[in-house]
Amino acid sequence: MDLETRIARLEAIEAIRQLKHRYFRACDTKQVDIMRECFVDGDAHIDYGAVGTFQHRDALVALFEKVGCHPHMVEMHHGQNPEISITSADTAEGIWGLFYYLINTEENTLTQLGGFYHDEYRCEQGAWKISRTVFRVHSMQVHRLLDGQVLSVMAGNPAV
Amino acid sequence: MDLETRIARLEAIEAIRQLKHRYFRACDTKQVDIMRECFVDGDAHIDYGAVGTFQHRDALVALFEKVGCHPHMVEMHHGQNPEISITSADTAEGIWGLFYYLINTEENTLTQLGGFYHDEYRCEQGAWKISRTVFRVHSMQVHRLLDGQVLSVMAGNPAV
Amino acid sequence: MDLETRIARLEAIEAIRQLKHRYFRACDTKQVDIMRECFVDGDAHIDYGAVGTFQHRDALVALFEKVGCHPHMVEMHHGQNPEISITSADTAEGIWGLFYYLINTEENTLTQLGGFYHDEYRCEQGAWKISRTVFRVHSMQVHRLLDGQVLSVMAGNPAV
(Lines give C-alpha, C1' and ligand atoms only; values in the text may rest on other atoms or scores of the structure.)
Protein backbone atom coordinates (compact mmCIF):
# COMPACT_ATOMS: atom_id res chain seq x y z
CA MET A 1 0.00 0.00 0.00
CA ASP A 2 1.23 3.51 -0.72
CA LEU A 3 1.43 6.07 2.08
CA GLU A 4 -1.76 7.89 1.10
CA THR A 5 -3.76 4.64 1.17
CA ARG A 6 -2.33 3.74 4.58
CA ILE A 7 -3.23 7.17 5.97
CA ALA A 8 -6.74 6.94 4.50
CA ARG A 9 -7.19 3.55 6.19
CA LEU A 10 -6.23 4.97 9.60
CA GLU A 11 -8.52 7.97 9.05
CA ALA A 12 -11.39 5.63 8.18
CA ILE A 13 -10.90 3.57 11.36
CA GLU A 14 -10.90 6.75 13.45
CA ALA A 15 -13.99 8.10 11.67
CA ILE A 16 -15.90 4.85 12.21
CA ARG A 17 -14.93 4.72 15.87
CA GLN A 18 -16.23 8.28 16.34
CA LEU A 19 -19.39 7.47 14.33
CA LYS A 20 -20.31 4.68 16.75
CA HIS A 21 -19.36 6.81 19.77
CA ARG A 22 -21.61 9.61 18.47
CA TYR A 23 -24.43 7.08 18.04
CA PHE A 24 -24.05 5.89 21.64
CA ARG A 25 -24.01 9.48 22.94
CA ALA A 26 -27.15 10.30 20.91
CA CYS A 27 -28.87 7.28 22.53
CA ASP A 28 -28.09 8.59 26.01
CA THR A 29 -28.87 12.25 25.39
CA LYS A 30 -31.96 11.38 23.31
CA GLN A 31 -30.81 13.45 20.32
CA VAL A 32 -32.79 11.71 17.59
CA ASP A 33 -31.41 13.82 14.72
CA ILE A 34 -27.84 12.81 15.56
CA MET A 35 -28.95 9.18 15.90
CA ARG A 36 -30.68 9.19 12.47
CA GLU A 37 -27.59 10.64 10.74
CA CYS A 38 -25.44 7.73 11.99
CA PHE A 39 -27.14 5.33 9.55
CA VAL A 40 -27.22 5.24 5.74
CA ASP A 41 -30.25 6.86 4.15
CA GLY A 42 -31.88 4.01 2.27
CA ASP A 43 -31.94 0.28 2.84
CA ALA A 44 -30.28 -0.71 6.08
CA HIS A 45 -30.33 -3.82 8.25
CA ILE A 46 -30.71 -3.00 11.95
CA ASP A 47 -31.29 -6.19 13.94
CA TYR A 48 -31.48 -5.45 17.68
CA GLY A 49 -32.85 -8.85 18.69
CA ALA A 50 -35.83 -8.61 21.06
CA VAL A 51 -35.97 -4.82 20.50
CA GLY A 52 -36.83 -5.38 16.82
CA THR A 53 -35.43 -5.53 13.29
CA PHE A 54 -35.61 -2.45 11.08
CA GLN A 55 -35.00 -1.98 7.34
CA HIS A 56 -34.57 1.81 7.51
CA ARG A 57 -33.18 4.21 10.09
CA ASP A 58 -36.52 6.02 10.36
CA ALA A 59 -38.16 2.87 11.78
CA LEU A 60 -35.51 2.64 14.52
CA VAL A 61 -35.84 6.33 15.33
CA ALA A 62 -39.65 6.02 15.54
CA LEU A 63 -39.37 3.18 18.07
CA PHE A 64 -36.72 5.05 20.05
CA GLU A 65 -38.96 8.12 20.26
CA LYS A 66 -41.87 5.98 21.45
CA VAL A 67 -40.06 3.75 23.95
CA GLY A 68 -36.80 5.46 24.94
CA CYS A 69 -37.36 9.22 24.83
CA HIS A 70 -38.91 9.68 28.27
CA PRO A 71 -37.43 11.28 31.38
CA HIS A 72 -37.91 8.04 33.35
CA MET A 73 -35.63 6.12 30.92
CA VAL A 74 -32.09 7.09 31.97
CA GLU A 75 -29.69 5.12 29.78
CA MET A 76 -25.94 4.58 29.50
CA HIS A 77 -24.50 3.08 26.28
CA HIS A 78 -20.73 2.58 26.49
CA GLY A 79 -18.99 1.06 23.44
CA GLN A 80 -16.25 -1.47 24.30
CA ASN A 81 -13.31 -3.23 22.64
CA PRO A 82 -13.84 -2.07 19.02
CA GLU A 83 -12.28 -4.21 16.27
CA ILE A 84 -12.67 -2.33 12.98
CA SER A 85 -11.53 -3.69 9.59
CA ILE A 86 -11.49 -1.65 6.38
CA THR A 87 -12.64 -3.96 3.58
CA SER A 88 -12.43 -1.47 0.64
CA ALA A 89 -12.16 2.27 0.07
CA ASP A 90 -15.80 2.73 1.08
CA THR A 91 -16.78 -0.36 3.11
CA ALA A 92 -15.77 -1.63 6.54
CA GLU A 93 -16.76 -4.06 9.29
CA GLY A 94 -16.68 -3.79 13.06
CA ILE A 95 -17.21 -5.85 16.19
CA TRP A 96 -18.04 -4.00 19.42
CA GLY A 97 -18.93 -4.89 22.96
CA LEU A 98 -21.59 -2.89 24.79
CA PHE A 99 -21.94 -2.01 28.45
CA TYR A 100 -25.49 -0.79 29.00
CA TYR A 101 -27.14 0.46 32.16
CA LEU A 102 -30.72 1.67 32.56
CA ILE A 103 -32.30 3.42 35.51
CA ASN A 104 -36.05 3.19 34.97
CA THR A 105 -37.67 5.49 37.50
CA GLU A 106 -41.19 4.47 36.47
CA GLU A 107 -40.73 0.71 36.87
CA ASN A 108 -38.19 1.32 39.67
CA THR A 109 -35.65 -1.03 38.15
CA LEU A 110 -31.93 -1.01 37.42
CA THR A 111 -30.89 -3.03 34.34
CA GLN A 112 -27.28 -3.92 33.49
CA LEU A 113 -26.67 -5.55 30.14
CA GLY A 114 -23.67 -6.72 28.11
CA GLY A 115 -23.62 -7.78 24.48
CA PHE A 116 -21.96 -7.67 21.09
CA TYR A 117 -22.51 -5.76 17.86
CA HIS A 118 -21.48 -7.06 14.44
CA ASP A 119 -21.58 -4.06 12.11
CA GLU A 120 -21.00 -3.05 8.51
CA TYR A 121 -20.24 0.52 7.48
CA ARG A 122 -20.36 2.39 4.17
CA CYS A 123 -18.74 5.69 3.18
CA GLU A 124 -21.21 7.93 1.36
CA GLN A 125 -20.13 11.36 0.09
CA GLY A 126 -17.16 11.33 2.42
CA ALA A 127 -19.08 10.34 5.58
CA TRP A 128 -19.02 6.87 7.17
CA LYS A 129 -22.45 5.49 8.14
CA ILE A 130 -23.79 2.28 9.66
CA SER A 131 -25.37 0.14 6.90
CA ARG A 132 -25.85 -3.09 8.86
CA THR A 133 -25.80 -3.80 12.60
CA VAL A 134 -26.72 -6.94 14.53
CA PHE A 135 -26.80 -6.79 18.33
CA ARG A 136 -27.11 -9.75 20.64
CA VAL A 137 -27.40 -9.68 24.44
CA HIS A 138 -24.75 -11.74 26.24
CA SER A 139 -25.89 -11.17 29.83
CA MET A 140 -28.46 -9.12 31.70
CA GLN A 141 -29.62 -8.57 35.26
CA VAL A 142 -32.57 -6.55 36.45
CA HIS A 143 -32.45 -5.27 40.03
CA ARG A 144 -35.26 -3.66 41.99
CA LEU A 145 -34.36 -0.03 42.62
CA LEU A 146 -35.66 -0.04 46.20
CA ASP A 147 -33.51 -2.74 47.75
CA GLY A 148 -31.21 -4.02 45.03
CA GLN A 149 -32.95 -7.40 44.89
CA VAL A 150 -32.38 -9.27 41.63
CA LEU A 151 -35.63 -9.62 39.68
CA SER A 152 -34.34 -11.53 36.67
CA VAL A 153 -31.14 -12.74 35.07
CA MET A 154 -30.32 -13.63 31.45
CA ALA A 155 -26.93 -15.22 31.74
CA GLY A 156 -24.99 -15.57 28.60
CA ASN A 157 -24.81 -17.01 25.17
CA PRO A 158 -21.18 -18.10 24.70
CA ALA A 159 -21.93 -18.87 21.04
CA VAL A 160 -22.16 -15.14 20.16
CA MET B 1 -4.56 18.54 3.32
CA ASP B 2 -1.08 17.24 2.53
CA LEU B 3 0.05 13.88 3.89
CA GLU B 4 2.15 15.35 6.71
CA THR B 5 -0.80 17.40 7.98
CA ARG B 6 -3.07 14.35 7.87
CA ILE B 7 -0.54 12.27 9.83
CA ALA B 8 -0.09 15.07 12.38
CA ARG B 9 -3.89 15.17 12.87
CA LEU B 10 -4.05 11.42 13.57
CA GLU B 11 -1.06 11.70 15.94
CA ALA B 12 -2.78 14.55 17.79
CA ILE B 13 -6.00 12.52 18.25
CA GLU B 14 -3.99 9.59 19.61
CA ALA B 15 -1.99 11.85 21.94
CA ILE B 16 -5.15 13.47 23.32
CA ARG B 17 -6.82 10.10 23.85
CA GLN B 18 -3.79 8.91 25.82
CA LEU B 19 -3.65 12.21 27.75
CA LYS B 20 -7.19 11.71 29.03
CA HIS B 21 -6.53 8.00 29.74
CA ARG B 22 -3.42 8.96 31.74
CA TYR B 23 -5.52 11.48 33.68
CA PHE B 24 -8.13 8.82 34.56
CA ARG B 25 -5.41 6.38 35.64
CA ALA B 26 -3.80 9.06 37.82
CA CYS B 27 -7.19 9.64 39.51
CA ASP B 28 -7.49 5.95 40.39
CA THR B 29 -3.89 5.39 41.47
CA LYS B 30 -3.79 8.75 43.30
CA GLN B 31 -0.66 9.92 41.45
CA VAL B 32 -1.08 13.65 41.88
CA ASP B 33 2.04 14.62 39.87
CA ILE B 34 0.75 12.78 36.80
CA MET B 35 -2.69 14.36 37.30
CA ARG B 36 -1.22 17.89 37.53
CA GLU B 37 0.80 17.44 34.31
CA CYS B 38 -2.38 16.62 32.36
CA PHE B 39 -3.50 20.26 32.53
CA VAL B 40 -1.99 23.46 31.09
CA ASP B 41 0.17 25.43 33.50
CA GLY B 42 -1.60 28.75 33.72
CA ASP B 43 -5.24 29.75 33.36
CA ALA B 44 -7.51 26.75 32.95
CA HIS B 45 -11.23 26.20 33.32
CA ILE B 46 -12.05 23.02 35.25
CA ASP B 47 -15.79 22.86 35.99
CA TYR B 48 -16.68 19.60 37.75
CA GLY B 49 -20.18 20.65 38.82
CA ALA B 50 -20.94 19.91 42.46
CA VAL B 51 -17.26 18.98 43.04
CA GLY B 52 -16.21 22.55 42.28
CA THR B 53 -14.86 24.91 39.61
CA PHE B 54 -11.15 25.63 39.43
CA GLN B 55 -9.14 28.24 37.51
CA HIS B 56 -5.78 26.44 37.83
CA ARG B 57 -4.70 22.82 38.00
CA ASP B 58 -3.15 23.34 41.44
CA ALA B 59 -6.59 24.08 42.93
CA LEU B 60 -7.98 20.80 41.57
CA VAL B 61 -4.97 18.85 42.84
CA ALA B 62 -5.31 20.44 46.29
CA LEU B 63 -8.95 19.35 46.55
CA PHE B 64 -8.11 15.88 45.23
CA GLU B 65 -5.39 15.47 47.87
CA LYS B 66 -7.83 16.56 50.61
CA VAL B 67 -10.92 14.59 49.55
CA GLY B 68 -9.80 11.75 47.30
CA CYS B 69 -6.34 10.64 48.41
CA HIS B 70 -7.36 8.31 51.23
CA PRO B 71 -7.23 4.51 51.39
CA HIS B 72 -10.99 4.35 52.03
CA MET B 73 -11.74 6.08 48.67
CA VAL B 74 -11.32 3.35 46.05
CA GLU B 75 -12.20 4.87 42.70
CA MET B 76 -12.60 3.71 39.11
CA HIS B 77 -12.62 6.30 36.29
CA HIS B 78 -13.19 4.71 32.87
CA GLY B 79 -13.30 7.06 29.86
CA GLN B 80 -15.97 6.14 27.27
CA ASN B 81 -16.90 6.91 23.66
CA PRO B 82 -14.32 9.66 22.91
CA GLU B 83 -15.12 12.08 20.07
CA ILE B 84 -12.03 14.21 19.45
CA SER B 85 -11.83 17.01 16.87
CA ILE B 86 -8.63 18.83 15.93
CA THR B 87 -9.53 22.51 15.48
CA SER B 88 -6.04 23.87 14.58
CA ALA B 89 -2.41 22.78 14.75
CA ASP B 90 -2.39 23.34 18.51
CA THR B 91 -6.05 23.29 19.65
CA ALA B 92 -8.64 20.54 19.86
CA GLU B 93 -12.00 19.65 21.41
CA GLY B 94 -13.34 16.43 22.85
CA ILE B 95 -16.53 14.88 24.20
CA TRP B 96 -16.21 11.88 26.54
CA GLY B 97 -18.50 9.71 28.58
CA LEU B 98 -17.44 8.57 32.04
CA PHE B 99 -18.17 5.38 33.93
CA TYR B 100 -17.26 5.99 37.56
CA TYR B 101 -17.45 3.62 40.51
CA LEU B 102 -16.49 4.36 44.11
CA ILE B 103 -16.13 1.94 47.00
CA ASN B 104 -16.10 4.08 50.13
CA THR B 105 -15.06 1.81 52.99
CA GLU B 106 -15.52 4.57 55.58
CA GLU B 107 -19.11 5.46 54.69
CA ASN B 108 -19.76 1.84 53.59
CA THR B 109 -21.26 2.91 50.29
CA LEU B 110 -20.97 1.92 46.64
CA THR B 111 -21.50 4.77 44.14
CA GLN B 112 -21.98 4.27 40.40
CA LEU B 113 -22.06 7.37 38.25
CA GLY B 114 -22.29 8.20 34.56
CA GLY B 115 -21.72 11.56 32.91
CA PHE B 116 -20.20 13.59 30.10
CA TYR B 117 -17.10 15.74 29.65
CA HIS B 118 -16.85 18.60 27.17
CA ASP B 119 -13.15 19.40 26.87
CA GLU B 120 -10.72 21.71 25.13
CA TYR B 121 -7.05 20.86 24.64
CA ARG B 122 -3.94 22.90 23.79
CA CYS B 123 -0.57 21.74 22.51
CA GLU B 124 2.25 23.43 24.41
CA GLN B 125 5.89 22.70 23.53
CA GLY B 126 4.85 19.53 21.75
CA ALA B 127 2.63 18.15 24.54
CA TRP B 128 -1.18 18.14 24.51
CA LYS B 129 -2.81 19.36 27.75
CA ILE B 130 -6.35 19.91 29.01
CA SER B 131 -7.12 23.67 28.98
CA ARG B 132 -10.89 23.50 29.63
CA THR B 133 -13.09 20.71 30.92
CA VAL B 134 -16.73 20.72 31.97
CA PHE B 135 -18.20 17.58 33.55
CA ARG B 136 -21.87 16.96 34.23
CA VAL B 137 -23.41 13.96 35.98
CA HIS B 138 -26.03 12.12 33.93
CA SER B 139 -27.04 9.46 36.45
CA MET B 140 -25.93 8.25 39.86
CA GLN B 141 -26.93 5.61 42.40
CA VAL B 142 -25.58 5.12 45.90
CA HIS B 143 -25.92 1.64 47.39
CA ARG B 144 -25.27 0.61 50.96
CA LEU B 145 -22.25 -1.69 51.04
CA LEU B 146 -23.75 -4.07 53.59
CA ASP B 147 -26.89 -5.21 51.79
CA GLY B 148 -26.92 -3.46 48.42
CA GLN B 149 -29.91 -1.30 49.36
CA VAL B 150 -30.24 1.83 47.25
CA LEU B 151 -29.71 4.95 49.39
CA SER B 152 -30.18 7.60 46.69
CA VAL B 153 -30.62 8.01 42.97
CA MET B 154 -29.93 10.98 40.68
CA ALA B 155 -31.51 9.91 37.43
CA GLY B 156 -30.51 11.78 34.38
CA ASN B 157 -30.39 15.04 32.59
CA PRO B 158 -31.20 14.29 28.96
CA ALA B 159 -30.32 17.89 28.04
CA VAL B 160 -26.58 17.26 28.59
CA MET C 1 10.88 10.65 11.95
CA ASP C 2 10.03 10.32 8.28
CA LEU C 3 6.41 10.00 7.19
CA GLU C 4 6.55 6.23 6.66
CA THR C 5 7.88 5.67 10.19
CA ARG C 6 5.17 7.91 11.65
CA ILE C 7 2.45 6.01 9.78
CA ALA C 8 3.91 2.66 10.87
CA ARG C 9 3.84 3.85 14.48
CA LEU C 10 0.13 4.77 14.25
CA GLU C 11 -0.63 1.46 12.55
CA ALA C 12 1.18 -0.41 15.32
CA ILE C 13 -0.81 1.37 18.05
CA GLU C 14 -4.07 0.52 16.27
CA ALA C 15 -3.01 -3.12 15.75
CA ILE C 16 -2.09 -3.51 19.45
CA ARG C 17 -5.36 -1.95 20.57
CA GLN C 18 -7.29 -4.40 18.39
CA LEU C 19 -5.10 -7.31 19.59
CA LYS C 20 -6.09 -6.65 23.20
CA HIS C 21 -9.74 -6.09 22.24
CA ARG C 22 -9.72 -9.42 20.38
CA TYR C 23 -8.24 -11.08 23.47
CA PHE C 24 -11.00 -9.67 25.70
CA ARG C 25 -13.69 -10.78 23.25
CA ALA C 26 -12.19 -14.29 23.10
CA CYS C 27 -12.35 -14.43 26.93
CA ASP C 28 -16.07 -13.61 26.91
CA THR C 29 -17.05 -15.83 23.99
CA LYS C 30 -14.75 -18.66 25.19
CA GLN C 31 -12.96 -18.92 21.83
CA VAL C 32 -9.73 -20.52 23.02
CA ASP C 33 -8.05 -20.57 19.58
CA ILE C 34 -8.42 -16.80 19.23
CA MET C 35 -7.17 -16.37 22.81
CA ARG C 36 -4.08 -18.53 22.17
CA GLU C 37 -3.13 -16.57 19.03
CA CYS C 38 -3.05 -13.30 21.00
CA PHE C 39 0.20 -14.35 22.72
CA VAL C 40 3.68 -15.04 21.34
CA ASP C 41 4.44 -18.68 20.66
CA GLY C 42 7.39 -19.39 22.93
CA ASP C 43 8.45 -17.91 26.24
CA ALA C 44 5.93 -15.48 27.62
CA HIS C 45 5.30 -13.96 31.04
CA ILE C 46 1.62 -13.98 31.99
CA ASP C 47 1.17 -12.94 35.62
CA TYR C 48 -2.52 -12.74 36.54
CA GLY C 49 -1.97 -12.52 40.31
CA ALA C 50 -4.17 -14.91 42.30
CA VAL C 51 -5.29 -16.59 39.03
CA GLY C 52 -1.73 -17.80 38.39
CA THR C 53 1.52 -17.08 36.56
CA PHE C 54 2.21 -18.78 33.24
CA GLN C 55 5.39 -19.06 31.12
CA HIS C 56 3.61 -20.08 27.92
CA ARG C 57 0.23 -19.30 26.38
CA ASP C 58 -0.75 -22.98 26.41
CA ALA C 59 -0.67 -23.01 30.23
CA LEU C 60 -3.08 -20.04 30.38
CA VAL C 61 -5.39 -21.62 27.83
CA ALA C 62 -5.40 -24.92 29.75
CA LEU C 63 -6.48 -23.15 32.96
CA PHE C 64 -9.08 -21.11 31.08
CA GLU C 65 -10.58 -24.28 29.58
CA LYS C 66 -10.70 -25.89 33.02
CA VAL C 67 -12.03 -22.95 35.08
CA GLY C 68 -13.67 -20.50 32.69
CA CYS C 69 -15.17 -22.47 29.80
CA HIS C 70 -18.45 -23.45 31.43
CA PRO C 71 -21.96 -22.19 30.71
CA HIS C 72 -22.36 -21.06 34.34
CA MET C 73 -19.38 -18.64 34.01
CA VAL C 74 -20.76 -15.63 32.14
CA GLU C 75 -17.97 -13.09 31.88
CA MET C 76 -17.51 -9.52 30.63
CA HIS C 77 -13.98 -8.20 29.99
CA HIS C 78 -13.99 -4.54 28.91
CA GLY C 79 -10.60 -2.92 28.24
CA GLN C 80 -10.32 0.68 29.49
CA ASN C 81 -8.09 3.73 29.06
CA PRO C 82 -5.31 2.19 26.91
CA GLU C 83 -1.92 3.94 26.94
CA ILE C 84 0.26 2.31 24.27
CA SER C 85 3.88 3.28 23.57
CA ILE C 86 5.90 1.99 20.64
CA THR C 87 9.44 1.32 21.91
CA SER C 88 11.03 0.06 18.64
CA ALA C 89 9.94 -1.22 15.22
CA ASP C 90 8.86 -4.53 16.78
CA THR C 91 8.36 -3.88 20.52
CA ALA C 92 5.80 -1.89 22.47
CA GLU C 93 4.36 -1.38 25.95
CA GLY C 94 0.85 -0.76 27.17
CA ILE C 95 -1.11 0.10 30.31
CA TRP C 96 -4.82 -0.81 30.40
CA GLY C 97 -7.61 -0.66 32.90
CA LEU C 98 -10.10 -3.53 33.10
CA PHE C 99 -13.79 -3.55 33.94
CA TYR C 100 -14.77 -7.14 34.64
CA TYR C 101 -18.15 -8.56 35.55
CA LEU C 102 -19.00 -12.20 36.22
CA ILE C 103 -22.41 -13.81 36.61
CA ASN C 104 -21.78 -17.22 38.16
CA THR C 105 -25.04 -19.13 37.95
CA GLU C 106 -23.63 -22.12 39.85
CA GLU C 107 -22.42 -20.18 42.90
CA ASN C 108 -25.24 -17.64 42.44
CA THR C 109 -22.87 -14.69 42.69
CA LEU C 110 -22.24 -11.45 40.82
CA THR C 111 -18.61 -10.26 40.84
CA GLN C 112 -17.49 -6.80 39.72
CA LEU C 113 -13.77 -6.20 39.50
CA GLY C 114 -11.47 -3.38 38.41
CA GLY C 115 -7.75 -3.56 37.83
CA PHE C 116 -4.72 -2.68 35.72
CA TYR C 117 -2.61 -4.46 33.11
CA HIS C 118 1.03 -3.63 32.41
CA ASP C 119 1.85 -5.27 29.09
CA GLU C 120 4.65 -5.75 26.60
CA TYR C 121 4.07 -6.60 22.95
CA ARG C 122 6.25 -8.00 20.17
CA CYS C 123 5.72 -7.96 16.42
CA GLU C 124 6.44 -11.37 14.89
CA GLN C 125 6.12 -11.93 11.13
CA GLY C 126 3.99 -8.82 10.82
CA ALA C 127 1.58 -9.62 13.67
CA TRP C 128 1.62 -7.97 17.11
CA LYS C 129 1.36 -10.37 20.07
CA ILE C 130 1.37 -10.11 23.86
CA SER C 131 4.79 -11.20 25.20
CA ARG C 132 4.41 -10.08 28.81
CA THR C 133 1.33 -9.11 30.83
CA VAL C 134 0.93 -8.41 34.54
CA PHE C 135 -2.56 -7.89 35.94
CA ARG C 136 -3.39 -6.63 39.41
CA VAL C 137 -6.83 -6.27 40.95
CA HIS C 138 -7.63 -2.77 42.21
CA SER C 139 -11.09 -3.40 43.66
CA MET C 140 -13.63 -6.19 43.77
CA GLN C 141 -17.08 -6.84 45.21
CA VAL C 142 -18.99 -10.08 45.25
CA HIS C 143 -22.79 -9.85 45.55
CA ARG C 144 -25.24 -12.66 46.17
CA LEU C 145 -27.36 -13.12 43.07
CA LEU C 146 -30.58 -13.69 45.02
CA ASP C 147 -30.87 -10.45 46.93
CA GLY C 148 -27.87 -8.32 45.93
CA GLN C 149 -26.29 -8.63 49.40
CA VAL C 150 -22.55 -7.98 49.41
CA LEU C 151 -20.62 -11.12 50.30
CA SER C 152 -17.08 -9.73 50.15
CA VAL C 153 -15.14 -6.65 49.17
CA MET C 154 -11.49 -6.19 48.17
CA ALA C 155 -11.08 -2.46 48.14
CA GLY C 156 -8.10 -1.11 46.38
CA ASN C 157 -4.41 -1.00 46.11
CA PRO C 158 -3.53 2.61 45.30
CA ALA C 159 0.12 1.58 44.80
CA VAL C 160 -0.67 -0.19 41.49
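Annotations for the structure displayed:
Note that the chains take the letters A, B and C in the order they are written out, and that residue 1 is the start of every chain.
The criterion applied here is as follows: contacts are C-beta pairs under 8 Å (C-beta built on N, C-alpha and C of every residue); 3 or more make two chains touch, one makes a residue touch a chain.
What you see is a predicted model, and the numbers here were worked out from it, not measured in a lab.
Chain A and chain B touch with mostly distinct residues; of the residue numbers seen at this interface, under half occur in both copies. With angles rounded to a multiple of 5, the C-alpha fit of chain B against chain C returns 120 degrees of rotation. Chain A and chain B have Cα centroids separated by 24 Å. The multi-chain contact residues of chain B, meaning those touching 2 or more other chains, are 3, 7, 10, 78, 99, 147-148. For chain B in complex with chain A, the residues that touch the partner chain are 3, 6-7, 10, 13, 78, 80-84, 95, 97, 99, 112, 114, 116, 138-139, 141, 143, 147-150, 153, 155-156, 158-160. Chain C contributes residues 3-4, 7, 10-11, 14, 18, 20-22, 24-25, 28-30, 71-72, 74, 76-79, 99, 101, 103, 105, 110, 145-148 to its touches with chain A in the complex.
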